[in-house]
Each structure stands twice: as structure tokens, then as C-alpha cells.
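Shared chain: chain A. Partners: chain B in the first complex, chain C in the second.
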Partner chain A sequence: MKDSFFRSMTWLHTWVGLLVCWLLYLIFFAGTLSFFRDEITLWNQPAIHNVQAQAQRIEAQKQQIITGFDYLANHGANSPSWRITLPEPRIPYLVYGYAKPKEPGQRRSQFKNTQLNPNTMQELEPFIDTKGGNFFYRLHFDLHYMDAITARWVICFASFFMLIAIISGVVIHKRIFKDMFSFRRNKGSRTWLDAHNLSSVLALPFHLMITYTGMITLIFMLFPYPAQTAYDNGMRGFFNDVTPRNTMTDKAKGESSMVPIQSILDQVYTKWPHADITRVQVNQPNMAASTITVLVSAGKTLRDQAPRLIFSGATGQMVAKTDDELTNSKALYESLNSMHTGRLATWLLRWLYVLGGIAGCVMIGSGCIMWAKRIRERTKNNAKPSFGLKLVEGLNLATIMGLPLATCAFFTANRLLNPTTAERADKEILAFFFTWLAVAVIALFKRDTLQWRVMAAINTVACLSVPVINALTTNGNIVSYLMHKQWALFTFDALFLLFSILFFIQTEKLRTAKNTSKIISPSQSNNLKRQKS
Partner chain B sequence: MIDLLGFSLCLFGFNSFALAKFNHFKDVFKKRPTELQSKSLLFTAWISILLSLVLCVATQSGYGALLFCGFMSLSVLIIMVFYNFLVSYVKWFSVLNSVLVVLSGLFLALN
Partner chain C sequence: MQAPLHSASFDKINVIALIVKSVSSYRVLIFLRFVIAIIGGYAFTSASTALLCFLMPIAKQDAVLFSVSISILIYAVVFIYAFSVKSLKTVWISILLSTGIFAGLLALLKDWV
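For the complex of A and B:
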């Protein structure tokens, strides 16, 4: 019975993992990059490369908001909403924005943003049209070209499979503690199994947490029935209930002058003396129903929704706020969400999240390769490989080697496309998907060691080209970033150089590697004899 | 410094776990561990890891728990690298790790 259960779990682990492993690899790859969402956006926008982080950032916020209100009152008096986005440690610039009137057929208003250097209060050079880190962030749960809701169902389905694969993996890994630190080199499939086990075990709490909380972030889409039962107008009613909103003056009609912003800020600082304000939003400015929402950073607390106070813009009275003490269910939901997004993370935890993400990529990648290698080893010398094996090998090459190359293409396109190109951001994304498609087409026809070696060599050059092209097309380079302590930009370029070296090592390893599929060890030979008998 | 102490305790714990295993101990010291040595190392490992967890959670609550999970991953990775690729340096690494625990602990105690 025990043996049967073990075999069932092994079967479940193999097939549940294999069915969605390439999609999971994409989710983990893009999700891991999303932990550096702001840093990627910073690199993609050369206009903000030289903006220094403010030494007295929080102390300067009050004056920045007051100046912003004056600016928006002069420039966007007739706008339906204003937004002041204050500099944060990872986003060093200040934004004053007002919404343009909606065009017919438009769902959301477009914003006219003015970006400023907070140290000089001078307007920055025009921003180039790029999605930056947001592309990878959205990609990991919206899959870009798919309808968002369909994509999220697919992602949830894959996450559920991942969760089953992790749990069944723990069950079948009998020597989980015995082999915890073991990695046997140059042992063919054994090495791949060790890499798979090690990358799974070393970040097991992270893998479980990120997979489970990933599904929790979409729980209201997966399981809307309690809210639909409890509220007359379903999910909308539920969200209205849990999100602080103005119900006191929202029906007020007519125009009204705005209260001075200082009186609002005084109330904010009375409630939170050390508030780190991240954003101020004004809806319907200069109207009797206007609201001013002040959002502050939640810091290191496990809370995803930023604490906020909402004031009437006409009277200055506080009309709504987030709860100071969360109910148990809300606290659980908020903490699970914040654990997944990692927005609370300072640099140390952020890097640890990235380590977990990389371990996830290695775990999934090694799992895919291991399956193909085992089937390839079992295939008799002259037998033709099955369609399934060819498909898996092709998808392995396309995903594992294609995604890094596509990422390099995305960043290279960011630097090489003309800033005035129409729909520039979409073209960067097109560069990503075209490159990935090109690798997939190659993998469709050939996926031998030679193709892996060629792809590794191309990735070596591609990774190297990102910092080089950056140095040639902007005023900075890796050395100047180091000299001026621009750590985010320096790390970005340094990581590409590091990956270039790693791909070079892979190229060399593949060049010198023996064709193990043609060499059968004595133990394998014995196994084959046993199978025959 | 709290983070450094938390991490070095975690690393110390996993290093003790690795040394408590017969094959790793033999790789490092070229002899088998006695039953008592093995049990003492296991005991030290659990105490050290629990101390690290308590320290992280007590000082930074939920955020500390996340940090602790990250520290465990990083520790296992470092230990794996040393015990599989740099076995000859494990003794030095163990000494450095112990010094790190003592120094960061002392720094926190004195401030």
C-alpha cells in the first residue's frame, strides 16, 4: 500500500509539474524580475538617472505637496482629478499630474504628468514611452496578449498545479533532510535531480508561500460566492464596504473653493506625526463633492492596502479612513497579499525574495530538463524519439534559453528605439515577444546540444550588449554608476555582466560535454537488461 | 546588526546540521563523528535556528518571519556551496561564522 501511494505521488508530481512547467517558468521569471520593478523602470528612463535621492525626503514632503497644489490649481483647474506622487527611496522623482477630460470610448482618463527633480524642483527631460518594470509585473499574471480575466484563471490553474507539485514533491523526497546539502557534480541525471531537489528545498518556505499567496491575491475572482451571497450588488457592494470612501459629501452639488492644503496636512500629521506620505489624490477639485485622499507608506507592516485618510475638499473635514486595527480576516488577507507582492521589503528582504525566485526558476527548469533527459536515456539507441519528447525538449529550449534572450531584446530595444517612435512602449514589448518566438521556431526544428550551445553563446553576447549599449546611448556607464553611488543602475548593469559570464561558462561546458545520451553506464546497461528480461 | 545576528545564527545552525551528518563531517575532519558529537551538533543546530527565529520575530514580527525564511534559504545555499565545492575551507568558514555570531551578539548587547 505504501509503495503504491509513493508511486501515485511520484506520478502526480511528474505529470502535474510537467503539464504547466513552462508557464510556471514564465510566471517565476517575470515575477522575480517584478521584485525589481522600480529599478527596471528607473533604468528604462534615462531622464531620471541623475536624480539623487533626497537626504531629508520626509521633511520635504509638506512643501512639495503645497507647491503641487498651487501648480495643479494653475494648470488643471478644470480637470476631474489631480495626483501628487511623492519621491520614495526607490522612485526618486516627484510627479504632479492632472487628468485630461475623457475622450469618447475611453475607460479611464489619461493623465498629463509633470516630472520634477525634488532637489532642484526643475522639470525633468521628457520621459520616453516605456512600460519599464510594469511590463514584467503585468506579464506574470496577465500574460500580456491574453484577455486579463482568462489569463488570471490560467495563472490560478497553473499555481494550483504548482502547489500540488510542491506538496507531492515533499512526500516523494524521502531523503529530504539526509540529502539537504548534497550536490553531486558530473553525474548526469543524478546531478539534475540534485539541482532540482536542492533548489526546491533551499527555498521551500518561499515556494509554498509565493504559490499559495499568489492564489490568494486572486481569491475574489476564484471564489466570489460568499460576497455575492452577502451583498445585494455582489462584489461591487463588497468592495465598496471594505474600501474607505466618501459617503458624507459625495452627493453635494455645485462648485466650491478648496480648503488650504495646509489644514489637511495638519490633520494628517496630528494623526501620524512621522507620516511618510506617498501620494495625494484630489477628485473633482473645486467642487462641493471634492475629496482629498492622503496615502501614507505602510512601512514594514504586513499590510498591502496603503493606510489613507480621505477629507472633504470643500470643508476640510475627514470623511473616511482605513481601519487602524484590522479585523482578523482582513489582517489575514492583507498580510498574505503583502507577503506575495513584497512591497514592504527593504533591500535585504528584496534580495532574499529574488534568491527565492531564482531558486524557483532553477527548480522548474531542472525539473523540465530532467524529465526529457530520463526519457531520452530510456529511448533505445536507434529508436526515434516520440512526439512528446520532441515537444518537451523544444519547449525547454524555447523557454529556458528564450526568456533571457527576450529580456535582453526588451532592454536593448529600450535603448535603440527612437524616443519619438509612435507607440514606442508596445514596440519594446514586441521586441521581447518576437525574440522569444524566434527562439521557439529554432527549437521547433532542432533542439540538440548544439542548439543549446548556440543559444547560450547568443545569450552571452546579448547580456553583454545591454550594459554596453547603455554606455553608448546614455551619459552613464557601469563605472560612472559605481563612482556616483548609483547603486540601482550599477547593480542592473553588473547583473547583466554576471549573467553574460554565466552563459559563457554554460557555452564552454556544453562545448566540452560528452554526448551522454549515447553513452550508457554499466548500471544503466544492467537496468536495460533487467527491463528486457 | 539585528539582521546580521539573525542571519549568522541561522547560518551557524545549518552549518551544525551539515556537520552532524556523517558524510559531511568525514569530508571536513577526515574521521567519523562520535554519537555524542553528532547529537551535540544537532542540538546546537536546533537551538541556533530557533534563536534566530525568535530574534527575527521578536524584533520585527511578521516582517521578521519573512526575513527568517530568506535567511534559511541563503544559509542552505552557502552551506551547500561550501560542502560541495569548497570543503577545504569549511573549517575557516565555521570559525568565521562563530566569530560573526559572537561579535554581532556582543555589539547588540553593549548598545
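For the complex of A and C:
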């Protein structure tokens, strides 16, 4: 559209990026936290802090399932479904649950869950009502306080613009290798450009992968047309085709006693001798049409749909299963999905995912700051800043400094709210959004360097207060976590201390930065640009 | 009698000139380019992946999974194309025409018409 491809892409990169950068920052921020979803849930739930990881986790599974079936047969004999959720490396407790009869107006029936310590098989203290890591997980593709489907369309739109920004960014970046080693400090928007380039290029494969695969996770909402053309009954036909289902005994009528679970487990272990079972589900227990689904961990394979075997509860016969070998198309689709969710990641890869996510936040944050800085530098000293510039500066401050503060508020609320408060989980979330709104209102009025400094100082205190409040309100603290090798909890607190230090450094830096930004007047920055080119 | 007629046609020309001018204004051109890139690109991707899925000689579910897996790639290429070609007319015509052909072919093959 411009004279050259290069210039068109420069234009596209700037405007496509700027239009959605704050939403993308939220997606990347919440998405990065989602890689620690289980750890955040653990921290939010003090009742499970002291549940030790089992030494023989997989070996204990068989007995846990057998005990679970006894428990559920006694407690939920008339329930429409049962669920046994076994401990995983990052989730230390065991859950036996059965569905309560569906009440009118409910889409899904509520589960009555009993959480147990797998080492002692004792019931755990009652759980507090909290969303934990699931809040951030949902936030990064469902947003909040709005219809989930609308939110997903918005997210897909922003993600697609992100993909366009990445592609056009690669095109306009001529010295992709050389720039990896250049970082010019204290040069106004130049410094931000270097930060933008560095964070983009270092983690470029991650950015491309996570953006593309993110849209793939929602692809059947975005592009249902191939499935609708191929199947006469549309999406439903397609999903029925790819999901293993019981079509052999599902029409059976009447009640029937269930086969001993032992015989079903024997079949599972014959097929997969080292099976790491994650969940056992029973639909319509004690009925002739009942099914028992055994899900196992996909381990380190690139599969997102957990491998499973489905048995008839009445006969013990296997009625359906997932494919053992994936076809090429399925392998492509499954690997794209599993790369995004990172369920296969052990701790080293998980940390790489998180570092990639942080690089993404830096890339997006530096990009939107750079735009504002450049326009500022170009504006004459006495000229009034335009509405657009003020808006961008306000949104920058509100998003970049507001989100960490809101996150601190979420965790602080988790510890300070009374465990018996009604709708407690919603109030934690309210604390998150209320804090964010407060920062946004402040940014509406003032968004100069001083305001950034004030926000950095507040964030310093807020990040520090999370581990401190944790130490005051629970039995553990960062030192005891270290002593007892509770690494997830220790890392959680340590990260907040680290970010507190980083925000403190930012506060100190901004004290001096105020002067340098004055030194670089528009004419000087123009000189700088001339020197470069 | 002639004078009002003359002024009326003069006004008409003025209005047309105004429309032409506003349509060729920078903002409108940018808007039209985003429309064809976002909506046209979406339609192109939908039609081409649906056709591809229908034509692929493999199992139905595999054809669906393959087509959706590459759909975002197709969309991105069309989007970049819409912004890289200088003439807006070329962009509009090429995307609409190819989408129309894909959709028409699919309609013929599926006996929709």
C-alpha cells in the first residue's frame, strides 16, 4: 500500500500492534501466570500446603481407586456420575467426588467433593472458596465479567493482530542478528526500541508458536466451516467422530450391578503396564448403560487429548478408546495444542515457557511505551499533546503498572478475606479488578514520570506484602518452605520478593530518568537519529 | 426554467466530487483496506479451507484437522497480501473473486445449487 513492501510492513506493524497491545499485554501476563496454574492454586489453598508428595505415587494409584469405588458406592449410590481425581506431580491431593442431582436452571450438576491426603487417606481441612490459578487461566482467553464466547472472539482478534505484528516485525527487522547484541542505554525511545528488539528476537520462536497455537486452541469457534462441510450434522458430527464414545452399551436399559473395579484396572495395566492414571470417571453408576472411563497422563508426548480407555460398567468389556497411533493430521493438530498448553513440560521446560512469556510481556510493553516516547519526542516543547498520545500514555501506565498491582491485590485478598465469607472467590477477583480500575483512574489524570515512580513504589510495597502477609496468616513462611523443601511455595514467595526488588530498582532509576528525559530535547533526538542512519 | 436545472446538476456534480474525494481520502482508504484484510481474509480462509477439507482424499476427521491447523497461516498470508499490494482495487477484486470461485466450486460439489 505504501511505495515499498518494507514501508507498508512498517506502517502495519506500528498500527496493528498499537491497536491491541494492552489487551495482548493482559493475555500474555495472565497466560504466563497460567503456566504456574497448579502452583498458584496450591498457594491459594492453605489446607493442602503440608500435603507431602507421595514417594510411590504411581504404585499407590490402584489402591486409591479401589478405595474410592468403595467410598463412592457408599456415599453416592444414586448419583448420576462419579469422579476420582488422583494426585499428580504438581497436585498433591486426592479427590473423590460424586455429582449431586441437577437443580433446575443448572447446565452442569454440582459435585460433592471430598479431598484426601494420599499419604494418610485422612480427609483434609475444608477448602476455602478460591479460583486460584484457574482465575488467570480463564482470564487469558475468557476475560471476565462478560460472555465467554464474545470474549474469545475478542481474544482471537487480538491474537491474530499479534501474529500479523510478529510477521511484519520480522520483515522490517533488517539486522536481526546484529541487533541481538546492541543495547543503547538512556537514549530515550532508542533504548525502548532496543529493548523491544531484544525481547522479540531472543524469544521469537516462542512468540510465533504461542500466538499461532493459541488461536488453534479456539479454532473450531473461529473456523467451523471445514467440519461443517465435511459432516452432514456439522460440528456435532465431527466431535462425535474424534471423541471416543461408548456406542455399544449406551442404549442398555435398567439397573445392573457393576463389575469389580479390579477387573477393569487389570485390563488397563495389561495395556499400559506403567500407566500413570490421572482420573477415573463413572457415568450412570449401577445402571446397565454405565461407563467407566480411565484417563492416563500423556506424559511427555505431544498429545493434548489425554489417552483413555472406556469400559462398560455392567460387563467390564472395553467399549471405546483413544487412538494408539495418531494419524498425521491428528498429530499436527494435537502437537499444536499441546505446545500451547505445555502440559508436557517438566520444571525446566516450564521455566523456559515462563521466561518466553515474560519476554512477550517485555516485547509488548516496550512496544507501546516506545510509540508514546517517539510521539512525545516529536511534539514541540510548548505544543499540547494530542488526545491519542494522552490515551496511549494513560493505557500504558494503567496496564503495565496496574496488572502487577492487581495481582498482588488478588493474593492479598486470598489471605485476608474471612474463609467463611459468602462468594469468597468472586471477592478475590473483585479485589483484582478494583485495584486495576483504581490505577486506571489515576492514570486518567496523571501519567508523567513521577506517576510511574509512585506506581513503582506502590508495587514494591505490594509485592513485598504478599509473602509477609502469607507468613502472618498461615503456619508457613518463606524460610520454613526452604527448610521443608516445599519448592512450589518457596518459589512463589521468592518471586514476589524478586519482583519487589525489581520494582524498587525501577523506583530508583526513575528518580534519575526524569532528568535524562529532559536532556534529550526533540532537536537532540533528531540529531541522534541522523547519527544512526 | 434553465437556471434551477443548471444549479441542480451543478450540485449533483459537487456531491459526486465530494463522495469521490472522501472515498479517496486517506482514512477511508485505510478503513477499506482493513475491511478487506479482516473480513475478506476471513471469508477467503473459510472458503478455501472448507474446499480443501472437502477435496482431500483422506479420512474426514483428518481432513478437518489438517484444514483448521493451517487456516490461521492462510489467513495471515492473505492479510499481509492485502497490505502489501499498492492498488486497493486489485486487492478487493482478487480476494473477492477467489473467494467467490472457491465458494462456487464448493456449492457445485456439494450440490447446494
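Just so we're on the same page, the second predicted complex is superposed on the first by the 511 of 533 C-alpha atoms of A that agree within 3 Å, B and C clash if a C-alpha of one lies under 4 Å from a C-alpha of the other, contacts with A are read in each partner's own complex, and residues count from 1 in each chain.
Definition applied: a residue touches a chain if its C-beta (ideal position, glycine included) is under 8 Å from a C-beta of that chain, and two chains touch if they have at least 3 such contacts.
Everything numeric in this text was worked out from a predicted model, so none of it was measured.
Asker: So if we stack both complexes on chain A, do chain B and chain C clash, or do they fit?
Answerer: fit
Asker: For A:T270, using the defined touch cut-off, is the partner it touches chain B, chain C, both, or neither? Pick first, second, both or neither.
Answerer: A:T270: touches no partner chain.
Asker: Does chain A have more residues touched by chain B or by chain C?
Answerer: Counting residues of chain A touched by each partner, the higher count goes to C.
Asker: After the superposition on chain A, what angle is formed at the C-alpha centre of chain A by the C-alpha centres of chain B and chain C, rounded to the nearest 10 degrees?
Answerer: 90
Asker: Quick one: is A:D241 in contact with chain B, with chain C, with both, or with neither? Answer first, second, both or neither.
Answerer: In the superposition, A:D241 touches chain C alone.
Asker: So, A:Q122: does it touch chain B (first), chain C (second), both, or neither?
Answerer: neither
Asker: On the A-aligned overlay, A:F5 touches which partner chain: chain B = first, chain C = second, or both, or neither?
Answerer: Only chain C is touched by A:F5; chain B is not.
Asker: Could you look at A:L202 and tell me whether it touches chain B, chain C, both or neither (first, second, both, neither)?
Answerer: The first partner, chain B, only.
Asker: If we overlay the two complexes on their shared chain A, which of chain B and chain C does A:G356 touch? Say first, second, both or neither.
Answerer: So A:G356 only meets chain B here.
Asker: Counting only touches as set out at the top, which of chain B and chain C does A:N74 meet: first, second, both, neither?
Answerer: Neither partner.
Asker: Pick out the closest CA atoms of chain B and chain C after fitting on chain A and give their distance in Å.
Answerer: It is 17 Å, taken between the nearest C-alpha atoms.
Asker: Where on chain A do the contacts with chain B and the contacts with chain C coincide?
Answerer: After superposing on chain A, no chain A residue contacts both chain B and chain C.
Asker: Applying the document's contact rule, which stretches of chain A touch chain C when the two form their complex?
Answerer: Residues of chain A touching chain C: 1-3, 5, 8-9, 11-12, 160, 163-164, 167-168, 212, 215-216, 219-220, 222-223, 225-231, 238, 241-242, 327-330, 332-333, 336.
Asker: Where on chain A does chain B make contact in their complex?
Answerer: Per the touch definition, chain A meets chain B at residues 178, 180-183, 185, 198, 201-203, 205-206, 209, 300-302, 335, 339, 344-345, 348-349, 352-353, 355-356, 359.
Asker: Touching chain A in the complex: which residues of chain B?
Answerer: My answer: residues 3, 14, 17-18, 21, 23-24, 60, 62-63, 66-67, 69-74, 76-77, 79-80, 83-84.
Asker: Name, in rising order, each residue of chain C that touches chain A in their complex.
Answerer: 33, 45-47, 49-54, 58-69, 71-73, 75-76, 79-80, 83-86, 88, 106, 110
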